[in-house]
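Mind looking over this structure? Questions follow.
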Amino acid sequence: MYVNRHAPHGTIYPLEGLEVALIGAAFDQDVSMAFIGDGVFQLTKGQDTADLGIKNCAPTYGALGDYEVTKLYVEQESLDERGLELNDLMNLTWEDEQEDWAEKPSIRLVSRAQLSDLLEQQDVILNF
Amino acid sequence: MYVNRHAPHGTIYPLEGLEVALIGAAFDQDVSMAFIGDGVFQLTKGQDTADLGIKNCAPTYGALGDYEVTKLYVEQESLDERGLELNDLMNLTWEDEQEDWAEKPSIRLVSRAQLSDLLEQQDVILNF
Amino acid sequence: MKFSVMVNEGPYTHQAADTAYHFTRAVLDAGHEIFRVFFYHDGVHNGTRMTTPPQDDRHIVDRWSELAHDHDIDLVVCVAAAQRRGILDKDEAKRNGKDGDNIAPGFRISGLGQLIEAGIEADRLLVFGD
Amino acid sequence: MKFSVMVNEGPYTHQAADTAYHFTRAVLDAGHEIFRVFFYHDGVHNGTRMTTPPQDDRHIVDRWSELAHDHDIDLVVCVAAAQRRGILDKDEAKRNGKDGDNIAPGFRISGLGQLIEAGIEADRLLVFGD
Amino acid sequence: MLHTVNKSPFDSHSLQTCLGLAKAGSDILLIEDAVYAAMSGTAVTSMVESAMNSSTIYALEPDLKARGIGSEKMISGINLVGYDGFVELAVTNDKVQSWL
Amino acid sequence: MLHTVNKSPFDSHSLQTCLGLAKAGSDILLIEDAVYAAMSGTAVTSMVESAMNSSTIYALEPDLKARGIGSEKMISGINLVGYDGFVELAVTNDKVQSWL
């Protein structure tokens, strides 16, 4: 599991973390991502870096489903602290081959306690 | 004024900040230093980096007086938050030429409000 | 008005190197003068010509070099900070027995005195990145 | 037991590069195996031979090179992270039209797949520095 | 005096330290990840609103835009500036302190 | 699971995040600037003490020594380890999570 804890654009950690997640998926690993703390800002709608001249990594999250990265866990407490709700996040989906390619949401809101359980189940945990 | 806000050893900012302060003094600038937040840890007694194999910059603070850096302002609120008092800090002194080289303490405890006034009086402020 | 700029973070890793660049351009666009840009801490990594970002991303080092060329800006990399982090010009490489250098065009390596001078000579000193 | 180590901060700037080294040595001293040390983010700066620290300080890059030499440790620098930050080996320099390289002895440049493999092959993956 | 802050207020104590030391009448400019402090309805909103009683708060517009923070999500009364406005603030204030 | 934390608890929220997510029975190792969390009488002491009810807290001795934190300044019940003990903790726990 890749744990994302940094806000986007201010540092390169989100972008370089995303690169690891995509490579992990290409290596047929069971990739899941967790977004906690400022990491939840990576998924907010309407990010536009044109005026900064910085490559915008936000659209890449939309492509994660195509790489079979379909489990994006977002900590509810982190959203609350930042005045955000699910509706403020990008609408990220994946297509379920098992159910005639039905489109399903990738973002799963979890409580801190649930996330704690999830972390315990991982083989490898990397922080970005 | 050089404002020191980082704990020692974990990052190089204190050491590289000290290098600037010493050069500033060599250029005959009126150098003062402020220690706030984790910066107050730079001045604590008994630092010994031998087991880390890292150069210990703590003794250099003792030499500041010789370079006529005699005003080290330490924020009282930052000490309080960290459970520290003046006695936990190194005994740093300078010799006052005007008073027959009398040894005087370099560390001056100031409140946040006093430090705020001091910052307002500076020409140039650099953060480390 | 005369400005000096201090850059303390490496390119790409932290946005501070971008902000410093955009600010410097805005100073020039407003008709003010840049006395010097001084690179300290990890900021010294802004000054290596070995940087090769992805083609669809901005080239932070080249941007500085072009600014220096077009507006005759003095880009100074701190020698002590640079040595620790592996940034060298020809002279430094020779002095330290290294087989090559990596400084980018428009940058020069010098001492911390250049930062003190930048603080004295300019009306304002702006610091970017910690 | 088999360990992999990931180093995400540059030498000198953050202590993480030191901690990673001391941990790696302790792993070897305890009779365990190091499968790989992978350098990512600013960690790639651990792998440049241009580094020249003050004479009274430790030489972090040389320490890694010696460890690789003495214990046959695989030191891998991530190519994407390295390109952005100006770390190159001979092949990369040639491919990108650069006039020299700066990688230190004992290090090699490779892809992120090496990190994924390090996670799979080792019993434990330890991460140092953010 | 102009104070610039560039760290997220949720991750670092920089903004808090800045607000604790800034004198009444200061200009405070939020840049980079610090622009998240301009959002309404967050855990730090009340700290920023109370600072607005004694200081003027600015936020760098390209940084807000990059982070998808539209005016509807912002504390009202925070002033938007571009890089040109940043330069202007540095000119009109007699000195600049960076909180990093 | 072993959790390592390397940031000062006064400057970063890493330790707090770690303690919020660590399950009961975890081992938590303070390294680098995080060893300041092992000090008694500070603003974060009670947070660390309360974590000690469900987790075991360790601190890296070379880092404590570098920062002049002697045992008389430490919360009692925190365990000291060297780099060898760090390795041992990484062996006995089935995985390691770094909070950075």
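Letters are used for the chains, namely A, B, C, D, E and F, taken in the order the chains are written, and counting of residues starts over at 1 for each.
To be clear about the criterion, a residue touches a chain if its C-beta (ideal position, glycine included) is under 8 Å from a C-beta of that chain, and two chains touch if they have at least 3 such contacts.
All values reported here derive from a predicted model rather than from experimental measurement.
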Check: Going by the stated contact rule, which chains contact subunit C and subunit D alike?
Finding: A, B
Notebook entry, point to check: Using direct touches as single steps, what is the fewest number of steps from subunit B over to subunit C?
Noted result: 1
Note to self: On the document's contact criterion, could you list the chains that touch subunit D and likewise touch subunit E?
What the structure shows: A, B, C, F
Margin query: As a test of understanding: of all chains, whose mean C-alpha position lies farthest from that of subunit F?
Written below: C
Notebook entry, point to check: Measuring between mean CA coordinates, which chain is farthest from subunit A?
Noted result: B
Next item on the list: Indicate the whole-number Å distance between the mean C-alpha point of subunit A and the mean C-alpha point of subunit F.
Entry: 28
Item checked: Inter-chain centre distance, subunit C versus subunit F - centres from mean C-alpha coordinates, in Å -> 38
Notebook entry, point to check: Approximately how many whole Å separate the CA-defined centres of subunit B and subunit D?
Noted result: 34
Checklist line | Of all residues in subunit D, the ones touching two or more other chains | finding: 12-13, 15, 22, 41, 54, 80, 84, 125, 127, 130
Check: Got the subunit E residues that touch at least 2 other chains?
Finding: 6, 10-11, 13, 32-33, 62, 95-96, 98, 100
Notebook entry, point to check: What residues in subunit B touch two or more of the other chains?
Noted result: 6, 9-12, 37, 52, 54, 123-124, 127
Check: Each pair of chains that touch: what are they?
Finding: A-C, A-D, A-E, A-F, B-C, B-D, B-E, B-F, C-D, C-E, D-F, E-F
Margin query: Which residues of subunit E touch subunit F once you look at their complex with the stated criterion?
Written below: 10-13
Checklist line | subunit C partner contacts - residues on subunit D that touch it in the complex | finding: 10-13, 41-42, 45, 48-54, 61, 80, 83-88, 92-93, 96, 98, 100-102
Notebook entry, point to check: For subunit C, which residues count as touching subunit E in their complex?
Noted result: 1, 3, 8, 15-16, 19, 22-23, 25-27, 29-30, 32, 124-130
Margin query: Give the list of subunit E residues in touch with subunit C in this complex.
Written below: 4, 6, 31-33, 62, 82-84, 86-88, 90-91, 95-96, 98, 100
Check: Which residues of subunit B touch subunit E in their complex?
Finding: 3, 5, 36-37, 77, 112, 115-117, 119-120, 122-125, 127
